[in-house]
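Heads up, the next two complexes both have chain A, just with different partners, chain B and then chain C.
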Partner chain A sequence: MSELIEVKNLKKYFPVRKGLFGKKHFVHAVDDITFSIKQGECFGLVGESGCGKSTLSRTILRSYNPTEGTITFSNKDLFSLNKQDEKQSRKDIQMVFQDPYWSVNPKMTIGSIIEEPIVTHLKLTKKEREAEAKRLLHEVGLSPDFYSRYPHQLSGGQRQRVGIARAIALNPKLIILDEPTSALDMSVQAQILNLLKDLQRSKGFTYLFISHDLSVIKHMCSRLAVMYLGEIVEMGEASKIFKKPEHPYTKLLFNSLPTLEQTDFTLSMFEGEMPKAIDPPKGCRFASRCKYAVDACSKKQELFFINEESSHQVRCHLLK
Partner chain B sequence: MDVLLDMKNVKVDIKTRSGTFAALDLEHLWINRGETVALVGETGSGKSMTASAIMKLFPTNKAKITNGEILFEGQDLVSWSERKMEKVRGKSMTMIFQDPMSSLNPVFPIGEPMVRMICKHLGVGKKEAKKTAIEALSFVGLPDPKGMMKRYPHELSGGQRQRVMISMAMACKPKLLIADEPTTALDVTIQLQILYLINQMKEKQGTSILFITHNLSVVSHIADRIAIMYGGRIIETGRTKEVFRSPRHPYTKMLIDAIPSVTNDRERLPVIEGMIDRSIEGCPFANRCPKARRECSTQGMPKLEGSSQDHMAACFFPLEEVPALV
Partner chain C sequence: MDLKTNITPPPSMEKIGSKSTLSNSAFLAEIRYFFKMNKLAFLGFIIIVTLILLALLAPLIIPYPNDVALETHVENKLQPPSADHWFGTDELGRDLFSRVIYGTRVSFQIGLIAIGLAVLIGIPLGLIAGYFGRWVDEVIMRISDVFLSFPPLLLSIAIAALLGPSLTNLMIAISISWWPWYTRLIRGQVVSLRERGFVEAAQAMGVPSWKVIARHILPNSMAPVIVQISMDFGSIILTAASLSFLGLGAQPPLPEWGLLINIGRNFFLTNWWYVTFPGLFIFISVMAFNLFGDGLRDYLDPKTRDS
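Up next, the complex of A and B:
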């Protein structure tokens, strides 16, 4: 399989100033991130709020220009495209948002919401557009009657289906799913996850799946990356990481997750929260919360492969 | 055990332009002293309406308790006046919400409402109240509790704000804490801190907790007993371990099965087809239940039944009990 998207040394800093004449500081929202997603793969991105997941996805969508680094999409650099390629790439990368209540315009009918990207990118007549929208509705498991309804008449799960229909309308290559199920009920979540899997199988979509729910990531993704404070701290095959998480932060995340299967889960107080991303420490960013931290952790940490043949990477010198 | 809160046949109706909507029809829900009871259900199942009924604080004045009794320490709250309720709210029973930002007043430092509340409910002076507030803040593990009193809500993170809410809730040593989705908006590591603190309230102060959530995995580790709600009714209740080991109501079983698991691999998740239909006479789940027969929608509402109060289900044809592993 070939790589669909390659992110290399991507950095996105936001300048902040404390006070009118204060020193300029930088929020290191995304700091030196490198990863790639293969064609037809579902790649998971896990992390707590404020770790830079969303900034990363917005940079891939080109809502932000990166401070440094490159993104190669279908063998073309995303940030130096000519006009025609740029339009094509807008078609090829689509996004599904977390909250189906806010991501659709309440004044528009479901039909016109789904038709919007078609109007922008394809030259179709009104009749063809309507037929296309109804086909898409069918594809995401909604009846064609929904065409003339309004968002407030739909439940959360149905709205999320509309969001998915809109995202797949142009037959994109990459779909960024930003917490697509975290606003939904458990039984509806299962429906949406099944739908996403079915679509992937029948259409060969590539997913970048962002979530903080590890069990959902486990269910959906073949590979995953764990982010902390703008950096990837662990990356590799999902089955391996779930079997044996290596980085102390990944371990902490896994231990904090109450699951139905665990019988020996104990509630304990884990102190500390993620520090602010303004001028983060030079060394390991997790050191302030890590129980294994030693002096050497204040030096710069690099991502490295755990062993030669595996693709499992971690950023922790204690594992070297 | 000593029962703290006992709700029997509580009905809440909401008047709308197109008629009366039966928002809640609780057959029986009780909470013992020093016990955590979890109320689990999907959106619109009546979880929050139950909390509103106990506090008698409805989101709209169109909602009204039309039937039943809510016994709190043996006294029926339904007949109480608003004046009398005000004395209990925040003191004997208190509530924390999903979004702490909307429960804290942004123009006051967080110490302000805490001191005011403690003065009112415990009848102590300002100095004494300040001391109690600082103690409460340090109990929830907030750094520099004294300085924290002067901080504004926007200066704190979501997890810290929720901890402030817990410290406020516990300052008056309430008998009942209602936690309405307290961890839904938080990250997993912070969620664990909040669950730990709520559990500490139960263990250190003997507070009874009504924990409202839609997340079954969280419930399995914090609750002693659990009640599953569907369509404004409790459809299954019992000891948490019992319910998870051998769910009797088809809905409960399907809900548990729909959760993606970290340990086993399933290509597809089983789903519950269809949508809730509140117009059904009889069992509210009948239109989506794979085991439903014709009787389900003709015999009227099923009652909560079981061999003991430790496990009951409202189903005409409950699932067979799974024998316990010895």
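Up next, the complex of A and C:
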């Protein structure tokens, strides 16, 4: 399989100035991130809130310009496209948002919401557009009657289906799923996840699945990356990481998942808070909360492969 | 979950931003609910409708249409209110009822044009400032701050004095001192809307900026503007009357309320009706717009609703 998107050394810093003449500080929202997603796979991105997952997805969407680094999409650099390629890439990358109540315009009918990408990129007559929108509604498991309804007449799960229909309308190559189920109740979550899985199977979509919910990632993704404070701390095959997490942070994260076999419910908790992303520590960013921390942790550590043959990468001094 | 089930929330569940999307009968139910919750707003609404009808039909309903202009009947001057002249007559014998009613037309025309101009300047600037942010935002908002730093009445007086006294200049002066309020209001709305998923989705899929503004941002930021307009209409009528009273707006023989009071001032001690009736109309119309605007604001603000 070929790489659909390659993110290389991506950095996004936001400047913060304290006071009018204060020194400029930077929030290291995304710091030196490198990963790639293959055609047709579902790549998971896990991390606590505030770790930079959303900034990363917004940068791929080009809501932000990166401070440094490149993103190569379909063998083209996303940040130096000519006008036609730019338009094509806007068509090829779509997003499903977290909050179904905020992601659809309350003043537009479901039909015109789904038709918006079609109107923007394809030249179809009104009738063709309507037929297409109704086909998409069917595809995401909604009745075509929804075509002329308004968002407030729909439940959260139904709205999220509308959001998905809008995202798949142009048959994009990459769909970014930004916590698509975290605002929904459990029963609806499962339906949406199954819908996404079915769509991937039938259409061959590539997903970047962002979530803080590990069980969701386990269900959906073949590979995953764990982010902490703007950096990837562990990356590799989902099955391997779930079986044997290596990085202390990943271990803690996975231990906080209750299992059926568990009898002792005193979960190992995180101690302390995440350090501030403004001017973060130079060495390991997790050191302040890590119970295995040693002196070497104050030095910078790059991601490295655990052993030669596997694709399992980790960023920790203790595992070197 | 049965996907074909249509879940319609009760009217109180959906608040800001959904009014115009309701079906017709639900819309009527909302209106009934609004007036039931706000009896005073209903009173304001009735008065406003009456005044608008008076303004529209003035030439047809006033008993002495010619008295609006220069026709004089000096033999009837300064008559107290009677069956023939409900509000009495002025120093040239003209029927004050006809003139005051016609004044409604003048005042509403001033209000409509002045507010229309203010909105036409203020809303696009607010949209641009909020949407594009950065230095564009800085420049527009600092300019509007300069205008906001003067009390609107004082600024209107200064501009009207500068431009020279006429009805057109009066409307220009008022809209120049009012537009920054709309710019600021809209900008705040846009800044919060910009973070919404549907705006981001549209930008990400490559919808051009002007279309994002027109389709997604403008329709979702109009609710507070409508409240502001209904509140400002009263203040603008009052400001226009004040300027005309000072001689900076309407010129005789136009029966503008403020101007009528200015002339009536000379006869105040002996002929009470001359200033009373135009004053009463100013009072009633300003009050009606304030009541209606207050009600609308309470209705659209979820915090004060159902309390």
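We adopt the following convention: the second predicted complex is superposed on the first by the 313 of 320 C-alpha atoms of A that agree within 3 Å, B and C clash if a C-alpha of one lies under 4 Å from a C-alpha of the other, contacts with A are read in each partner's own complex, and residues count from 1 in each chain.
Convention: a contact is a pair of C-beta atoms (placed from the backbone, for glycine too) under 8 Å apart; a residue touches a chain by one contact, two chains touch by 3 or more.
Just so you know, these numbers come straight off a predicted model, no measurement behind them.
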item: Touched partner set for A:Q189, first chain B, second chain C, both or neither; value: first
item: First (chain B), second (chain C), both or neither touched by A:E48; value: first
item: Chain B versus chain C as contact partner of A:L252, first or second or both or neither; value: first
item: Contacts of A:S155 with chain B and chain C, given as first, second, both or neither; value: both
item: Touching partner for A:H219 - first (chain B), second (chain C), both, neither; value: first
item: First, second, both or neither for A:D295, with chain B first and chain C second; value: neither
item: Common interface positions of chain A, toward chain B and toward chain C; value: 155, 187-188, 191
item: Interfacial residue positions of chain B with respect to chain A in the complex; value: 42-43, 141, 157-160, 187-193, 195-197, 199, 214-218, 220-222, 244, 254-256, 258-263, 266-272, 275
item: Chain B partner contacts - residues on chain A that touch it in the complex; value: 48-49, 155-156, 185-191, 193-194, 197, 212, 214-216, 218-219, 242, 252-253, 256-262, 265, 267-271, 273
item: Interface residues, chain A side, partner chain C - complex; value: 58, 61-63, 86-87, 90-91, 93-95, 97-99, 102-108, 113, 116-117, 120-121, 141-143, 145, 149-150, 152-155, 157-158, 163, 166, 170, 187-188, 191
item: Sites on chain C touched by chain A in the complex; value: 1, 3-4, 6-9, 14, 17-18, 20-22, 196-198, 200-207, 215-216, 219-220
